[in-house]
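Letters A, B, C, D, E and F mark the chains as written, and numbering starts fresh at 1 in each.
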Amino acid sequence: MPNLGLFTYLHLAANKNLTCALLKKKIVAIAYETVEDSSGKLPLLTPMSEIAGRSSVIIGSFYLSKQSGGTGIFLGGVPGVAPGHVLILGGGVVGTNAAKMAAGLGAEVTVMDINVDRLRYLDDILPKNVTTVYSNTYNIQKALSSTDLLIGAVLIPGAKVPQLVTRGMLSSMREGSVVMDVAVDQGGCIQTARPTTHAHPTYKVEGILHYCVPNIPALYPRTSTVALTNVTFPYALKIAELGYRKSLKKDSGLTKGLNLMEGKITCKQVAEAHEMDWTSIEEIIE
Amino acid sequence: MPNLGLFTYLHLAANKNLTCALLKKKIVAIAYETVEDSSGKLPLLTPMSEIAGRSSVIIGSFYLSKQSGGTGIFLGGVPGVAPGHVLILGGGVVGTNAAKMAAGLGAEVTVMDINVDRLRYLDDILPKNVTTVYSNTYNIQKALSSTDLLIGAVLIPGAKVPQLVTRGMLSSMREGSVVMDVAVDQGGCIQTARPTTHAHPTYKVEGILHYCVPNIPALYPRTSTVALTNVTFPYALKIAELGYRKSLKKDSGLTKGLNLMEGKITCKQVAEAHEMDWTSIEEIIE
Amino acid sequence: MPNLGLFTYLHLAANKNLTCALLKKKIVAIAYETVEDSSGKLPLLTPMSEIAGRSSVIIGSFYLSKQSGGTGIFLGGVPGVAPGHVLILGGGVVGTNAAKMAAGLGAEVTVMDINVDRLRYLDDILPKNVTTVYSNTYNIQKALSSTDLLIGAVLIPGAKVPQLVTRGMLSSMREGSVVMDVAVDQGGCIQTARPTTHAHPTYKVEGILHYCVPNIPALYPRTSTVALTNVTFPYALKIAELGYRKSLKKDSGLTKGLNLMEGKITCKQVAEAHEMDWTSIEEIIE
Amino acid sequence: MPNLGLFTYLHLAANKNLTCALLKKKIVAIAYETVEDSSGKLPLLTPMSEIAGRSSVIIGSFYLSKQSGGTGIFLGGVPGVAPGHVLILGGGVVGTNAAKMAAGLGAEVTVMDINVDRLRYLDDILPKNVTTVYSNTYNIQKALSSTDLLIGAVLIPGAKVPQLVTRGMLSSMREGSVVMDVAVDQGGCIQTARPTTHAHPTYKVEGILHYCVPNIPALYPRTSTVALTNVTFPYALKIAELGYRKSLKKDSGLTKGLNLMEGKITCKQVAEAHEMDWTSIEEIIE
Amino acid sequence: MPNLGLFTYLHLAANKNLTCALLKKKIVAIAYETVEDSSGKLPLLTPMSEIAGRSSVIIGSFYLSKQSGGTGIFLGGVPGVAPGHVLILGGGVVGTNAAKMAAGLGAEVTVMDINVDRLRYLDDILPKNVTTVYSNTYNIQKALSSTDLLIGAVLIPGAKVPQLVTRGMLSSMREGSVVMDVAVDQGGCIQTARPTTHAHPTYKVEGILHYCVPNIPALYPRTSTVALTNVTFPYALKIAELGYRKSLKKDSGLTKGLNLMEGKITCKQVAEAHEMDWTSIEEIIE
Amino acid sequence: MPNLGLFTYLHLAANKNLTCALLKKKIVAIAYETVEDSSGKLPLLTPMSEIAGRSSVIIGSFYLSKQSGGTGIFLGGVPGVAPGHVLILGGGVVGTNAAKMAAGLGAEVTVMDINVDRLRYLDDILPKNVTTVYSNTYNIQKALSSTDLLIGAVLIPGAKVPQLVTRGMLSSMREGSVVMDVAVDQGGCIQTARPTTHAHPTYKVEGILHYCVPNIPALYPRTSTVALTNVTFPYALKIAELGYRKSLKKDSGLTKGLNLMEGKITCKQVAEAHEMDWTSIEEIIE
């Protein structure tokens, strides 16, 4: 089946067996996670980030309950009782969407980022209970002592995320506070975060409850499937209409998604990960 | 200990053993749940209703996840995917607080009530994604077919709540939708609701996930304790300063809270529930 | 009068007589509708789109009245009665401005577009009673059954708009619902739309009331004239100060507006529409 | 048919023939317009006032169009062009609902009333483009010169409304501005207002366009019928269950609605209007 | 001049000379500050409280500047820099109006009160950057350590305000923070507050800048005069039309304002303050 | 000290002595005010503009008080009294931030700019009491007659700001109104503006109070220092890590900031201002 195509999330760099099997069958493998749009962003990752960001606040609120091992603080407060504090590291897609939900619940929300222009835009559009603060160790440390829910929302495509919160810094948080690292599978920005599963989603370090399931959107498949299809379908349609070869020639962003073709690896990261040969895309699709 | 006093939630009508034990020890028993303020409302129940109403949306959102047996719809939606629908039966304290949270998440929220003046006030103060609709069987039935989260928030102090949603009406809901009856322990307004526990909070009827833990505020004790103390403390202070006898004389609303005194039952419901004698409060405190 | 200039809306492709008359008199004809700004947008069309989009909601609300042949639904609802639904196809200038007004009235508004990044921006800035949904036939069809006012707001400069709503799809709408196609004169996105006049603005197809006057801004000339002058005046000033030749040389976007000069057609569409000769702008203004 | 009952809007004081016919047939006539709730308000008029108030802004916006004889100002403005001004006389049900819609469109809205406590509440709940101003001739006169749409929303049940705007005061308004007097049939607060019909809704005085149809809610029957039924149905149900006699005895507010019974007039205004005998309600229903 | 009347702010209890002079001339003295409305509130004080509350935030913001001796914190912050904290003691007229302004500037605002029902209303209507907290020494002390601007807004008509903030409690505030006690002339709720003048408005205690001018509305006479006249004029009109005797008989709230008449003191507080005889109003106006 | 570096605001073109001294010592002088980001904006000026814009409203409100020589109008109004008008010339960073604060206080705010696209964005994100109007002499003149606070917020980096408000135009303003020109030191857009000092901040022209201190952010150093450091620190860090030579080579925007190096002037404006030799940056850093 030399012309069989796969257009989906592949993550081949992390799976040599899969890579070899696909190569052997000469599958045309285009990976969602490396497709780019005209401005260099990753359009097939964005919807997942949106859902992960929004869901994280629901999940964090839920695990703050006493029954789940949390502090028992309700983020929204009630009249006469102050709301909880949510600290969001990163003002990108994940962080912005998390901030919208946390603000909607009435929490006191702080979004930190080093991109001040991004903070300016967030100041324009987010509700008034969201404060934007420049991200640095001093500000994070100061904020942590009153943080009930910490959301790590830093994602640098193709780059290692800096470790913004060390184990030591957690000690200023109240016992039973909740920490989530939405990008845990890509390194994460919180030292104590390590991937967990939907079956066993949480663990405690220094008394702090950690929720670090990498695939949060799987919780809400009805919403995330539609969101994903909204952005993948136009590519699928194009491939169906033009064939993959013509599509790849016409859309240089889609080409960035090509990982395997004609039994060769066309994606550098995959080739390097498995110490195999790399063939340039141009060479293959002329 | 004839002058020992108890000032807390008592629910004596539901517990004869406790009632008898307290009578024997001539405890002065003032029950939070029957204290009234000057306008006849129950001020020591309101904070619990606020927290239950607000928390219910977090809990409902959480149980809508696929992993919990829900439909997998995220209430807030994301750009390009419509949000979920929340139907709230009752626009009182529970319902209003639930509506605030659901609206904050970006859901499409409908609040139903038969008190149109209350709906007018809600129209004045709630965000624009909350719609107020007159409550009747026709409107409820019509709304249910697109409802993802149904919150029963009807509470009529001292009266049986009418059954607004029958088992048959649930059949128009999508499988995996979530039903919560916040007032389940006082009858509830949803036929299929029966009290559950924090240990086993949910069950399914007709494919619909039911969460019916009566004591929702126990999930967030740090918030609910402060909220409760805000309203009970002034009474406690008054009792400490004046003694209970003088306090009861001065504050007719507090008097409504007196259930037992000098070995006698002064609360009609308790006396009737256990078929015991009733003594008027006036008689006892002169 | 070889140097007489015309700087206004011209639409010469649609009018051969006018074209020939202007050529004969060697008029310098610069058409508002083809002037571009530095990012390739049409700045002299935008204000008209803004007014058309905003007005469309007033007009649609008005024609929903029973006296006009509409369903008799008031879009904003009242406390206890659910508001009406507005479906807007297209999230560009027309659609965004229509959404602002419809949301302001309290309607439940859905904006559909295939540009998810645009929907993200709308999600950031529009009120909470606006939902953004990816535009496809399935979603449109599903939405139509509860739509009271449908606004076609799709405009692709220089391209034929796809027909998003067929005659058959209208059948799911309630009789007396209102359909408006703001871009009806440029093809329109609703099959049953055909241009009408301010004198006879509406007609019915399949029981659905159609309002399809192409020139909506003419209803509100005091607002639209000022809006238009705001953007045309700086060009007029430049032409007055530098003369048209120098202005055209300096501002490549204004040059895009040049249709006729020295008795020659410099705009390809006009030349092709009338099967006449075309001269490149560069050739004429050196 | 001595026990036949009529429960609807009756306005018998204005129709002697109808009154006599009903008396002759010994109809039990309960008029919506005189039923009171426990706080002395007229609950069966409120929904009509809500719809009239909200609709008035749509109607006024529509008639401001050049084609309708208006100034051609679009109330909401567009970026770069200031919005129009709406002056609302009266901050009761009609005025508040009109203000919500006008503010939603983006107009600059002024609500005037002599009840400062009411203005305080409006300041709490209305959007920021609504200004509250104490109502007096000086303030009205000053505001009129920049008013594009004037809405008379003063209604004093059972009392003659003061004439707040004289013919002379209109002269400061721009020609083609629109005047609506929502309570025109109960006197109205604008001197030049006189009732018109849906067939011929407008006329001009001093160049100002007047729209004075008394029965605005008839434009949107689908919304107004549901709104009205929401409040009348509980009374109808009570009458059906208890019979009218018992219902009248139990509900002193409903009793206020009784106009005729057993061939006698029980409503003073009706009796006085037709110079006929009056019998006290108490006498008849014992 | 036995019938000469004075209708204004009088504060006779604080001025024996004035009292005696007016008595001697048999002035009819009606004091704004003791007139009551039908619900027992003081309607002629409310507008002054509104202006004082709103202005206090402007004044406090101004004095936070370094040049005025403040900390140099700008309350609203900017993107990337957290806003300042405003603590408002009292959620009545002064406090609510102060909260609106402080929230409008983007500060993090906390309103404390012991009336939880009032806090519930504030939670309904104030922006999301206002938090309501039950007022007690523990909560005040905790909040003070991060408070940049403290506004004392407690006013109990006719009663001594409790001292909520002691000198010692100020020590946790940052040097240069600002304290304002809006009700300083009626006791004030901050121990270190003492009345100052517009000429010398501020002083420092413990490094904290105090602004305690009693008559804040005098800063903005154009606004405060109109606001005051809005509420006093109807009384003035009534007195002019009916004469003071009839007016006092008809309006029992106005009667509460009568301090002196026919050479006798009719206001108990005034009589007691000067140890003079008191005559009941009823006795004098029959 | 040939390698000593200065990285701060320098304004060398205005100070020949300083320039010569630094040249003599062969200081590497990088000026904040000429550093550019990748899009050609001046990132190290923006935070100062934000604070100046926000503070200007506080200062203007304060000086409107009678005690400061103002009209005595409180910008926010109170219920029953209309708010004041704020006119902001320029919708850039200063103007937008001023508009946010003025809108927050409840004033009626007008922002004028000639960039209609910018006005569209402001219409998307600013509260509803902000109106955007195209800036021209006619509109400014018309607005001035009802303006209480005029804020000049026009700043064109490296260009002379046009004089938008002449002395004559001020005559239509009410005596005691306040004028601020935030960019007074760079020319200013108001003819009567001339720089003042924090010691003597105001003066009157034509009865209008002028506040024209150039360095407004100095009022709030705690906020402005943090805001500035947020954006300068990453540059400082880069210079510290790489050395200035490498940093300048790598970051072409930082290079724009280089004014002096190795005893030579590398900034044209500085060279021209002092009629000294200019050396191209490329030549020096190769």
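Keep in mind that, in the parts below, a contact is a pair of C-beta atoms (placed from the backbone, for glycine too) under 8 Å apart; a residue touches a chain by one contact, two chains touch by 3 or more.
Quick caveat, the model's predicted, so the values are computed rather than measured.
Chains touching both subunit A and subunit E: B, F.
With centres computed as the average of Cα coordinates, no chain lies farther from subunit D than A. Relative to subunit C, the chain whose mean Cα position lies farthest away is E. The distance from the centre of subunit A to the centre of subunit B, with each centre set as the mean of the Cα atoms, comes to 38 Å. Residue numbers of subunit F whose C-beta contacts span two or more other chains: 47, 77-81, 103, 106, 116, 125, 134, 226, 230. The chain pairs satisfying the stated touch condition come to A-B, A-C, A-E, A-F, B-C, B-D, B-E, C-D, C-F, D-E, D-F, E-F.
Only residues 77-83, 103, 106, 108, 110, 116, 119-120, 122-123, 127-129, 131-134 of subunit B touch subunit C when the two sit together in their complex. Subunit E meets subunit F in the complex at residues 47, 50-51, 54-55, 58-59, 61-62, 64-67, 71-74, 76-81, 97, 100-101, 103-106, 198, 218-224, 226-227, 230. Within the complex formed with subunit C, the subunit F residues making contact are 114, 116, 124-125, 134, 136. Touching subunit A in their complex are the following residues of subunit F: 43, 46-47, 125, 226, 230-231, 233-234.
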